[in-house]
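Before anything else, here is the set of structures, which you'll find just below.
The two complexes that follow have subunit A in common; it is paired with subunit B in the first and with subunit C in the second.
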Partner chain A sequence: MIEIKDISFTYPTGVEALKDVSLTIGDGEFVAIMGQNGAGKTTLVKHFNGLLKPAKGEVLVDGVSTRDVSVAKLARKVGFVFQNPDHQLFSETVEEEIAFALRNFGFDEATIEKRVTWALNLLDLTEYRKTSPFMLSGGERKRVALASVLAWDPTVVILDEPTIGQDHRQKENLRQFIVQLNGQGKTVVVVTHDVEFVAECNPRVVLMTGGQTVADGEAKKILTDTTLTLAASIVPPQITQIFLGLTDLGLPFDVINVSEAKKILLEYLEGANH
Partner chain B sequence: MAVVETKALSYTYPGGSKPSLRDVSLTIQKGEFVILTGPSGCGKTTLCRCFNGLIPHFYGGELKGDLRVAELKVSEHPIYEMAKRVGLVFQNPENQLFALSVEKDVAFGLENLGMPRDEIRKRVDWTLQMTGIEELRERAPHELSGGQQQRVAIASVLAMQPEIMIFDEPTSFLDPLGAQKIFEVINDLKNKLGITVILVEHRLDLAAKYADHVVIMDEGKIVLDGEPREIFNSETAWLLGVGIPKAVRLWHLLQENGIALGGVPVSSEEATQFLREVLKR
Partner chain C sequence: MSVFEGFRFRHVTSPIHRLDPRVKFLYVLMMFVVAILFTQFLPLLVLFFLQLPFVLVAGVKKEWLRSLRGAVFLVTMIFVFNFVFGYFYRTHTGAALLEFSLAMSLRFLVLVESFSIFFLTTSPDHLSLALEQSHVPYEFTFAFTTAVRFVPVLAEEAQTIMDAQKTRGLELERGNFLKRVRNYIPILIPLIVSAIRRSLELAEAMESRAWGATDKRTNLYVLRMKAGDFVLIALSILLLAVGVYVHYFVSIPSLSQFLPPLPF
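Then we have the complex of A and B:
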């Protein structure tokens, strides 16, 4: 469990990135942190694994304050996949990249070999095993970064803007992958402003603006509240936009995904025919 | 008038085991808004590198076939000449920004062209306003968030007012409202200044409505090339897993259930309108 208790954080440049934020993320939850550029989303999640320590308040990971443990120790529990893979990758081959953290955590060579093969396979990277990460495309590098974190099997996985640079099919794979991870009991925290992606996953959504959390609840509730979305520089999902224009016909507006939309429209038309 | 014309273009990167572009023949007319899409690694970015001369002049490799951009044969004109006509906004703004202030970054290209100071100042003001970053004028680009940086990167290319602007997933790092604003800015440039826009994009929900022309690539080849509605409705596009807008998906699902809308909607406004006609019947 991650407990954020009334934290504030100011960067050395004087930018106040977080103001009195409180938030609890339970074990096995799937949470999307959304909001405009500069809202403090990344700053907030960097507190989850102790990369940043709050100036005020405290962050407890499984009851232990992030001030009292090293980032290295916390990382074993809370894996962080950066937005820009180039901030994370440095090895000469994809294989070494994934093995690096495992070596640091002291796994034996046989386990490392097994975990690396598993992670490569999981993220469809086996053919690049011996390739330099820097020869890969942006989307592929993101998958390498994700593989290298998943390889050590953290209980909490934080993904900072995982859909950037991913094509539609890879996004769908990522979605299924996250749902699967979450289904295995892992806590998944995604920082994103990809509204359509969130609409398809339907997680708990925490909305941030100006360094504060302004809403917390079901994706379906938050993404269809135009006052909230506007305040957070988010555009409602396309399906919601369509339904917002049809409310005078007695149709609901809180619809976020296509199959639900189809069902509602077919029922409406059927009702009209009888 | 064609501003981009390729005939049987094939290209292999130095040391590459297979060609990244295979027999690409494409014509883009002046003033078009073109969306270039396709699965990751399909050759979109490689094709864009040909348009501004990075291929072959910077990357080397083996280029075959005909390539004319802005009436120039690209292989015969160096990058600095192509760059005046073809602006490229990269996927990752960090690769593009380097100055100590936003203003200086935006002015850099203009200074290199030897433009008078007053003119530069005016052009910088206009560009910052168009991209909505006036308040960031004095800030250091490296201190900005990813989305803000991308707006600065777009501004610094926009300032040059090239004939053709290529955007390689320019809104990836932007929040949706910011993304929408950028697409509107790009569309405005097309309408007001007649700039030809080539947009490489996976997220089509927001961008589709601006396009006059959609090109889909796969494995180095062009597989679809035409008008947006026709393309989004094509079975090939669905099979390739292109990010078909949700409005089109809904249209398709309804059609499967025997409900025909007035046309293929490329925006939510259109979908609402078409649905209204059916629901009110």
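Then we have the complex of A and C:
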């Protein structure tokens, strides 16, 4: 469980990135942190594993303050996948890349071998085992970065902008993968401004603007609230926009799921025919 | 990254900031020559304090102190090497050896000090203007200003990479000396790869914006010397003249006259 108690943070440049933010993320939850550029999303999640320490307030990970333990210790519990995989890849082979963190955490060689094979298989990278990560495509590098974090089996996984630069198919794979992770009981935190992606995942949404949380609740409630989305400079999902324009037909407006939308529309048309 | 901070320009104005960069460079050059002239402690100490008014007038005391702090490691190395080798090769003995080692360290500090003043009070734009107007080929000017401009970008990137590797359990401060050096490999490789990638992208962006299309470029701003600049030129020449005079015609008191005989 991650408890954020009334934290504020100001960068050395003087930018006040977080103002009195409080938030609790329970075990096994799936949370999307949304908001426009500079809203403080990344700054907030960097507090979850102690990369940043709050100037005011406190962050507790399973009851332990992030001030009292090193990032490397916290990382064992809280895995963080950075936005740009090029900021972490350095090994000669994909296999070595994934084993790096496992060695740092002191796993024995037999376990490392087992975990690496498992992670490669999980992200469909087995054929690249002996390939240099620098020879892979952007999407594949992103998967290697993800595998290198999942390999040590952290209980919380934070993904910073996982959908950037991914095509539709990759995004769908990623979505299924995240849902599956969450289904296995992992806490998943996604930082994103990809509304369509969030709409299809339907997680708990925390909306941020100007370093403060402005809304916290079901994706369905928040993404269909035009006052909120306008304030946070995000556009409601396309399917919601259609339903917002169809309210005069007596249809509900809080629809974010395409298959749900299809069902409602078909029912409406059936009703109209009879 | 705090070492870079000591040389990083900030947009403030002061009489020193408004001086022509070419003149400031002349001053740095003169300071350089005079500092190299002397191997004694006292004149170098004078040179060190002579520059303090510049720092105070320019209002860059905090940044300047930081650049000196960044130099402490190298200064210590210079002192140790001079002392150890001077001792074994018997170039100096006793208090003279101590004075020589101290003087060499202080000379380095004087050089760092003058360069720090130069870079802290000269905007990269001004610097490139000065280079262009001194008929340095534009290719070199551009390469130089680009390098200066990318230092903070690179510093920020290094920070992100360090964060990324820390979250993968890397502990930079762990292990013996060799292990600690090796700890930096996961940081240096992504940093170098991304710097190369960035420079290729920059080259492409420049080509697509017609870089080098005309031989003769014109500038919106042109540097002109003002009264203050001529004063600094006069001061710099005076500094050199006095330095040369003292070097050849004045006997400089040495520290050994004030110290009891030392056992080395």
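In the analysis below, the second predicted complex is superposed on the first by the 274 of 274 C-alpha atoms of A that agree within 3 Å, B and C clash if a C-alpha of one lies under 4 Å from a C-alpha of the other, contacts with A are read in each partner's own complex, and residues count from 1 in each chain.
We adopt the following convention: a contact is a pair of C-beta atoms (placed from the backbone, for glycine too) under 8 Å apart; a residue touches a chain by one contact, two chains touch by 3 or more.
It should be emphasised that the depicted structure is a prediction, and the values quoted were computed from it without experimental measurement.
K.L.:
So, does A:266 touch the first partner subunit B, the second partner subunit C, both, or neither?
P.N.:
So A:266 only meets subunit B here.
K.L.:
Could you tell me if A:214 is touching subunit B, subunit C, both of them or neither one (first, second, both, neither)?
P.N.:
Touch partners of A:214: none, neither subunit B nor subunit C.
K.L.:
Is A:69 touching the first partner subunit B, the second partner subunit C, both, or neither of them?
P.N.:
In the superposition, A:69 touches no partner, neither subunit B nor subunit C.
K.L.:
After the superposition on A, what does A:13 contact: first (subunit B), second (subunit C), both or neither?
P.N.:
Touch status of A:13: first partner only.
K.L.:
Spot which of subunit B and subunit C makes contact with more residues of subunit A, would you?
P.N.:
B
K.L.:
Where on subunit A do subunit B and subunit C both make contact?
P.N.:
Dual-contact residues (subunit A): 84, 86.
K.L.:
Under the touch definition given earlier, write down the residues of subunit B that touch subunit A in their complex.
P.N.:
38-41, 45, 91-92, 94, 143-148, 169, 172-180, 202-203, 205-206, 241-247, 249-250, 253-254, 257, 259, 268-269, 271-273, 275-276, 278-281
K.L.:
Looking at the complex, which residues from subunit A come into contact with subunit C?
P.N.:
Per the stated touch rule, the residues are 46, 49, 51, 70-72, 75-76, 78-80, 82, 84, 86-90, 100-101, 104-105, 134, 148-149, 152.
K.L.:
Within their complex, state which residues of subunit C touch subunit A.
P.N.:
Subunit C residues touching subunit A: 157, 160-161, 163-171, 185-186, 189-190, 193-194, 197.
K.L.:
For a test of understanding, state which residues of subunit A touch subunit B in their complex under the given definition.
P.N.:
13, 35-38, 83-84, 86, 137-140, 161, 164-172, 193-196, 230, 232-235, 237-239, 241-242, 245-246, 249, 251, 258-259, 261-262, 265-266, 268-269, 272
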